[in-house]
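I have a structure here, written as structure tokens, and I will follow up with some questions on it.
The chains carry the letters A, B, C, D, E and F, assigned in the order they are written, with residues numbered from 1 in each.
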Amino acid sequence: MIDNLLNITLLAFLAITAFAIIRIRNLFAVIMLFGIYSLLSAGLFVVLDAADVAFTEAAVGAGISTVLMLATLALTKNHEEKPPAHRPWLPMIVVLVTGAALVYGTVDIPSFSDSEAPAHKHVAPRYIEEGFKETGVPNLVTAVLASYRGFDTLGEVTVIFTAGIGVLLLLGRRRGRKRGDEDNNET
Amino acid sequence: MIETHTSLLLVVIPLLAAPVTAILPNGRLPWLLTLAVSWLCFVLAIWQFMQVMDGSVISYELGGWEPPWGIEYRIDIVNAFVALIVAGMAAVTLPYALLSVEQEIPKDRISLFYATLLLCLDGLLGIAMTGDVFNLFVFLEISSLSSYTLISMGRQRKALTASYQYLIMGTIGATFLLIGIGLIYSETGSLNMVDLNNRLPAVFEHRTVHTAFAFIVVGVGLKLAMFPLHLWLPNAYTYAPSAVTVFLAATATKVAVYVMLRMVFNVFSTGFAYVTPTDDMFLLLGVFGVVFASISAIGQKDAKRLLAYSSVAQIGYILLGIGFASALGLTAAVVHIFNHALMKAALFMAVGALVYRIGSSHITQIRGLGRQMPWTFGALVIAGLSLIGVPGTAGFISKWYLVLAAIEQQAWVIAIVILAGSLLAVIYIWKLVEALFFQPAIDDTKSVREAPLSLLVPTWILVLANIYFGLNTELTVNAATIAVQVLENIPQ
Amino acid sequence: MKHNLILRVIAKLLIPIIVLYALYVQFHGDFGPGGGFQAGVIFSVAFIFYALVYGIETAERVMPESVLRILASLGVLIYAGTGVATMLLGGNFLDYNVLASNPIAGQHIGILVIELGVGITVSSVMLLIFFIFAGRARQ
Amino acid sequence: MDFIFGHYNYWIVIILMMAGFYTVISRGNLIKKITGLNIFQTSVFLLYISIGNVEGGTTPIIAEGVEQYSNPLPHVLILTAIVVGVATTALGLALVVRIREEYGTIEEEDIHKQDESL
Amino acid sequence: MVLDILSWIFLVAGGLLGIIGGIGIHRFPDFFTRLHAAGTTDTLCAALILIGLGLQSGLTLASFKLVLIFAFILFTSPTASHALANAALHGGLEPLLDDAEEEAGS
Amino acid sequence: MMYTAAALAILITMGLALARALLGPTVYDRILSVNMFGTKTVLLIAVFAFLSGQTDILDIALVYALINFIGVVAVLKLIEQGNFFTSGEKDEREVESE
């Protein structure tokens, strides 16, 4: 019961935060609220039994992403978003259509936390029943992540690596010159 | 050992080479390594293609876990064909890249640049090989993130905004794809493509599956610049460094088309896709894409941008092929994927050679250069003819099949649109030819010489390939015919 | 400024604990929540904290950009290299069973090594990105 | 009632997704767009985790005396997706910084104006 | 049994303290008083709840983690409050605060 | 039961903090409530760990506490100095000399 209550309350908090993020134009406040959003969703992950995901979301969403956004804000020195020049009707229509499609799509979706849903009846049981025996790892998420779907994780590491290189390419300091000329040449 | 691991090595070799390249000193060494890797991949791709040429299927279980529990690489002729295009284009682009990149990229970023290029190649090959929808998403992101970076390396500041725009739209597309994958997962419990194909028919009636399909089509559509979702493409191709434009134009959208084909035909199956009004939608978008993009191309003042719009139009043709929902139409689509890669790469290479010499591809800047750069100009003309679809060139073959497919369906309007598209192509190619050859050169460019050999040779290899595959259609059409059987799930 | 003094003292106390905790998360990931990725982020957070308190320049002296770049590459190479090793030992790519005589032991070794690779890449890339962003203001 | 309860999660998640999506496509500020993108992605993660939840299940870590575990597969997928998300964010923000350096603004409108005036 | 009752007391006291702090940040008129309400209740509330939990878990790894969490919060809350007060006091010169004040005025 | 009561109390407090974060009015109020919100989230997770009997979840609470702390330090540093790169004292001197 309390699980459901937590679930519903946290979701409601999330919705409030999301709308506040749309409404508020002070970018600093937006980023702080984004931190809250991330923390809340991580809390929700805990309630929904996804401890590993919550762990990562807390460290990444509330930690790294927020700090990076703040750093960007410090660099761009732009703290107030301009008010939109005209009413954004087109985006509104696009969003409403997409949302309607999703609502249409979720009418037939298996009920929330239904243990008979196909998602729990096909591939996953093998992980739960055999995962520990086959990999010797009690944390099934780690077992699937590192072994059954280890290649995805290799891809994930590559994605992070790509981002690192990308940021270096874009913002990396010029090498082979002294910092003195750097100041003159950089704009 | 190599036989069993070929398809995997195709992905793992660039993956291993990328971090190595990233820590190499700047200079020509990173380029050399990238070149070696791309040629190696090309050889492996040819080998792999030979293995599945007869319609057989290679299955490789990553981690030794049998599908659907582990990730599977499942190579049939369609994958092998796409991998061949990607690896082949990389192999041709890299010799071309050397000088062009040295000119456009700061010296201290060369090794990182090539590392990113390798990651992009790796992502595209990974998409082509995998038989698992989520793995596909991961590699899609590798290729996307690296293309955002590559595009932002263009010299004009507009490259940054183009890259940002692409990043936003690309991420929206990828997230849509993710939503779609999540919805089909909730209905089937599986992520393996073959397994999904077996399990989905039981829930075809469910609205969740319809929505999932729509989201996947829109998501992939954003990536392949399907007509109303193409807004990122012209900017991205115009402002990216020349070598990057060549590589992306020849591969990225092609791989996205492949994903679309795979999703529509092998995951959801022909039966599903064509009970919903999907085929009509593809036809409609294809027609609009061809007409609007071709007209937009005519209005452009920048050669690269003009060709970029032409790419959107060509994607329209491919969509028409998919939309016909017939073996002939699909054959045309698959052949056109290959041919378009050849001709668009050749065209962008020729324009890139102009950029190499004068630093701009604006139509007023390149006036009269045709006389001073005859080989570049010749390549542009022949590849342009192929784009138009003149008999004797590769472009003719795909147009021919497309028109046949239209006639077979008695879709006269569409047949006319295809022909009209060719006429429009004549106009915009003529615009380039006129500027290059029939107008006097501006003063600044009077002393411009022919492009260096390392730019010309790859360009002409592609030009000759355009002619060769226009005369000898055996390889492409045969491969396409078998590929269509695989796509339509017709047992051999 | 007084509060910086307080911060400095606290940082001295906390940073070793955070690093220890990162190691715990790294190697305890098999049994509880956590793993290479989370550990990498926590480790980088420890360094970011250090950089915040003592200044980026000090932190960069400890972990220069070039070293981070090599480490980031190294992590990917460790991961992919494990896959290559399993291939050379006759298994499929990333099939850890062949790494030891007994499949469970092989899985253990494999998972340990790749998690290490993940941790190294993630922590160094996160730090790299933070340093670049934070250091950009100097230019 | 059961129906509402069984779909409440999905509906709120859809609202959240659309809030993020709307922020991305309607706002002109580049940082705000990235924030919106993040919200969009985070909400998709919630969709997956909701799909993976099982009545009475616990965190999928093998422990004695536990009968029902939640589905670990969506968790794994989302771990990967989170990483992809942060990678995109980092790259996007790096682009924003560069754009600000080149254009002196991070408002889409102003950037367009500058591009057109050239 | 005694432990249970103690836990009850600690948890409820902690919870109530939290709510009081929450009301405090709404009722107090200006930032510094609000800081006072939040900063002082925060630490004690956390302490009470964590002790209440610790009594239930006994001497295990879990209670060690609880102690660590408590240590973090103990460091965090006063440091943050202190630094926040400091920043707010000095921050009048900073552009960011100007923004904030304008916003407050609007 | 007692965990439920504690969880409820924390939820209410979180709601109040969230309201303050939305209302502002100053940036400092927002940071204050974000900080408070963070602490309460940590407590909520800790309580939930006992509620569901999985003490492994405490790890997450621990990370929250840590991240929350660093986040607050980063935010304050940014507000005071407008950047991340200098250590506080040096910056102060620079400001004075200008």
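Definition applied: contacts are C-beta pairs under 8 Å (C-beta built on N, C-alpha and C of every residue); 3 or more make two chains touch, one makes a residue touch a chain.
Owing to the predicted nature of the structure, the values given are computational and were not obtained by experimental measurement.
Here the chain-to-chain distance from chain C to chain D, counted in touching steps, is 1. Common neighbours of chain C and chain F (chains touching each): A, D, E.
Two chain pairs, B-D and A-D, are compared here, and A-D has more C-beta pairs in contact (counted per touch definition above).
Farthest from chain C in terms of Cα centroid separation is B. With each centre defined as the average position of its C-alpha atoms, the distance from chain C to chain E rounds to 31 Å. Rounded to a whole number, the gap between the C-alpha centres of chain D and chain F is 21 angstrom. Our note on geometry: chain E versus chain F, Cα centroid distance of 9 Å, whole angstroms. Residues of chain E found to touch two or more other chains are 68, 72, 75, 79, 83, 86, 95-96, 99-100, 103. Across the assembly, chain C contributes residues 1, 7, 14, 21, 31-34, 37-38, 42, 45, 48, 69, 72-73, 76, 80, 83, 93-94, 96, 122, 129, 132-137 that each touch 2 or more other chains.
Residues of chain A in contact with two or more other chains: 26, 28, 51-52, 54-56, 59-60, 63-64, 67-68, 71-75, 102, 106-107, 109, 117, 119-120, 123-124, 127, 138-139, 141, 143, 145, 147, 149-156, 158-164, 166-168, 170-172.
Taken together, the chain B residues at the contact with chain D in this complex read 134, 137-138, 141, 145, 148-149, 152, 157-158, 160-161, 163-164, 167-168, 171-172, 174-175, 178-179, 182, 185-186, 191.
Those residues of chain F whose C-beta lies close enough to touch chain E in the complex are 2-3, 5-6, 8-10, 12-13, 15-17, 19-20, 24-29, 31-33, 35-36, 39-40, 42-43, 46-47, 49-50, 55, 58-59, 61-62, 65-66, 68-69, 72-73, 76, 79-80, 82.
Listing the residues of chain D that touch chain B in their complex gives 17, 21, 24-25, 30, 33, 37, 40-41, 44, 47-48, 51, 73-74, 77, 80-81, 84, 87-88, 91-92, 95-96, 98-99, 102-103, 111, 115. Note for the complex: chain B touches chain A at residues 15, 18-19, 22, 62-63, 65, 68-71, 106, 108-109, 112-113, 115-116, 119, 122, 126, 134-135, 138-139, 141-142, 145-146, 148-149, 152-153, 179, 183, 185-191, 199, 203, 206-208, 210-212, 214-215. Note for the complex: chain E touches chain C at residues 68, 71-72, 75, 79, 82-83, 86.
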